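Lettered A, B and C in written order, each chain numbered from 1.
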């Protein structure tokens, strides 16, 4: 197997808050090959967005390593990190707040070109036109301001802005969550098409499991800052092993009638990630909690088709 | 039929600003029997919320104009009621749940007091009985009565939505309008709230209009479904009619746009283009510019309701019974493409 | 095939548009707002009159004509003369110099210093923020007129001191305004997006954050000029402004007060000048707020 494009090892991001330390991302590891999509799913506050941002060093990670093409970019200094930015990009969730309202489409897209040293205005414009063509934006929109565009077109501008530097790896932070289903489908098709044509690697962050399953090759499920289960997307959906994954999958409302499903409805809410108790973080809501769960934190290891962090599988 | 709880006929609502007119709802018909749950499905700007607000008569006064139609609730037209009568109907007979539980509770009043207030407005209870009634309501929605004196910020999102439901149901309304009640919640919490709503539906026999864009939620909880597009209902039927036998091209596109959990798909079959500008709607059928089956006729005349069965109707020329074969043909062509 | 063609028919989302320079766009919108535009015109005219006072004014502002004091408006003195026989029209013109320059410079100083402090506090946060904002709170806790009086009383009544005295008490409000706008904008995703493509802090502040908080600041500043003119007028009115014979609208008003029963016409020119300037500034502020909002552009 070829060396992975991105290798994240024991990534940690803690925030100091008034009430204690918030363990947003705690010891997360995964890898990503060129042209591959890893879906990162979880509920709000589980640290999935923070993970994406910590990899890009938009939030400075507290610990761990991020190897991009074999080099640990967390050790890069400010000038060196600027060099790597063109290879690692991000598309944001909210197509309303992620575009500067005072810049038009052309300025928004070409901004990163001028920062990364393309001096000639004609060259920049040509590249902007080219990229607009690729993401399906009409050329007449060059001078339009974000508020004049609908959600789908705004998100296309966000995608164009990320693609214009020809990155290798793109963090997709809930790129379709704010869009209507029909527009969502259009954008999903666009993203998958772009990946086929240019071989981008995506870290696709979402809380929408159907969307994640559709676009991802592999999936990692996060709960309170930890990956609890990860594996091939088809296998994980077919045979979820972690009790949380099971509950999550059975909670998805399926648009079909007459489908009998065994539903696992979790009790209680997601606990606060501030100073979590020792042991397994899911045990408070887990239908299968055992005494050992309170004492020892389960490690992520291969069980059957997927990697799972749960004491239920200690004897396998 | 006379056993309708709610009967909306030819409702038309515009929003006017200085230079534009938004045609939000255009000739909407809707029936709801007591105890029935109707899912009102559509994309942003399809007119779902405007319909709900017109039923409660809480449309923004300045801009909105109800141009025509009647909303018969229990046989009487809500649109002709006085403001005072409407105030009594709201909350007592018709209650509404809004999308965002974070902002629909008053942050400086305890949740218990907010439920009490609702009961006090509409029920004839002595002051001493208020607290007990409100505590009971909390228990109904699965919150411990001890939390009566807590403030909204001490509750999580899912719990807040439960409180909102408790307030809405506290006067045992005949009709509950829920506007995207679970959209702001996480999936596992959404499952909890939907479960609760199903349970309450059974015990209280409250009729419900559930506004949502999530067909999965509809399948879970509704009896009937209305698909809205550009201010009108393009297809209406029972859950089975819509999910297993939908006929309108828009409904079809809507279903195709949702990535499936259990089937492998390479690409999604999408509806091309965008929802039309509500200030400048296309002629004829509003969907025709995006419709793969559209004919010249679709651009000229607005399709009326074609009754497919007792429970199922569709607004589409291509779905009229005589055109059945043509449609079948159209589908296979698209599949080959 | 047919599908693909129809996709383009979609709808209106963007009309064909050429990119405009931001300044041009704002100017175009401001011109559409009649009241704001007329106000701007009047203010410019006032400024020009003030600058050309030496040329336009028929008499020097301090020239006394004992022969013709307390005269009602006439061809020789279109606004009349005051108790020393000085031409009121000339004095109003020269007064505009003082009032406008004190107003604009006081606000300019307050805006720059307050804005800078607020920007630093907002962008870096933490302890820096705390120290700066607590100092601002202390400044804010002293009544502004009292502070101005104290400064003028302590340092004397020069034009510079007057500017300083009227400006300093508004520093905290600019600091607060800038800080809160920066706080609300710096966490927006487009700022993060700029960071993700490798934009430096300085460019982020100047290109992405400041333009987005410019509107409320500029509007506040125009209102601030009006307030400053009123404060200077007020100080002069109580005798702590500029010393005679330097003409200043407030002190002219103060002088005319004694003769209000018999020679009310004396009050009218400076009073109208103050009111007109303040009104125009406020209207301009309103107009700017609308013109600077990209969402209202059409």
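Methods note: contacts are C-beta pairs under 8 Å (C-beta built on N, C-alpha and C of every residue); 3 or more make two chains touch, one makes a residue touch a chain.
Computed from a prediction, not measured in an experiment: that's the story for all the values here.
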item: Pair with more cross-chain C-beta pairs in contact, given A-C and A-B; value: A-B
item: Centroid comparison with subunit B (C-alpha atoms), farthest chain; value: C
item: Distance from the mean Cα position of subunit C to that of subunit B, given in whole angstrom; value: 51
item: Mean-CA-position distance for subunit C and subunit A (Å); value: 48
item: Distance between chain centroids, defined by C-alpha means - subunit A, subunit B (Å); value: 32
item: Per-residue overlap in subunit B, given as positions that touch at least 2 other chains; value: 272, 274-275
item: Shared interface positions of subunit C, touching two or more other chains; value: 8, 13
item: Subunit A residues counted as touching two or more neighbouring chains; value: 150
item: Subunit C-facing residues of subunit A, complex; value: 53, 56, 58, 81-82, 85-86, 89-90, 92-94, 97-102, 104, 106-107, 111-112, 115-116, 138, 140-145, 147-150, 153, 158, 161, 165
item: Of all residues in subunit C, those that touch subunit A in their complex; value: 8, 13-20, 22, 188-190, 192-199, 203, 208, 211-212, 294-295, 297
item: In the complex with subunit A, residue positions of subunit B that touch it; value: 43-44, 156, 158-159, 186-192, 194-195, 213-220, 239-240, 243-244, 253-262, 264-265, 267-272, 274-275
item: List of subunit A residues in touch with subunit B within their complex; value: 43-44, 150-152, 180-186, 188-189, 192-193, 207, 209-211, 213-215, 234, 237, 247-259, 263, 265-267, 269-270
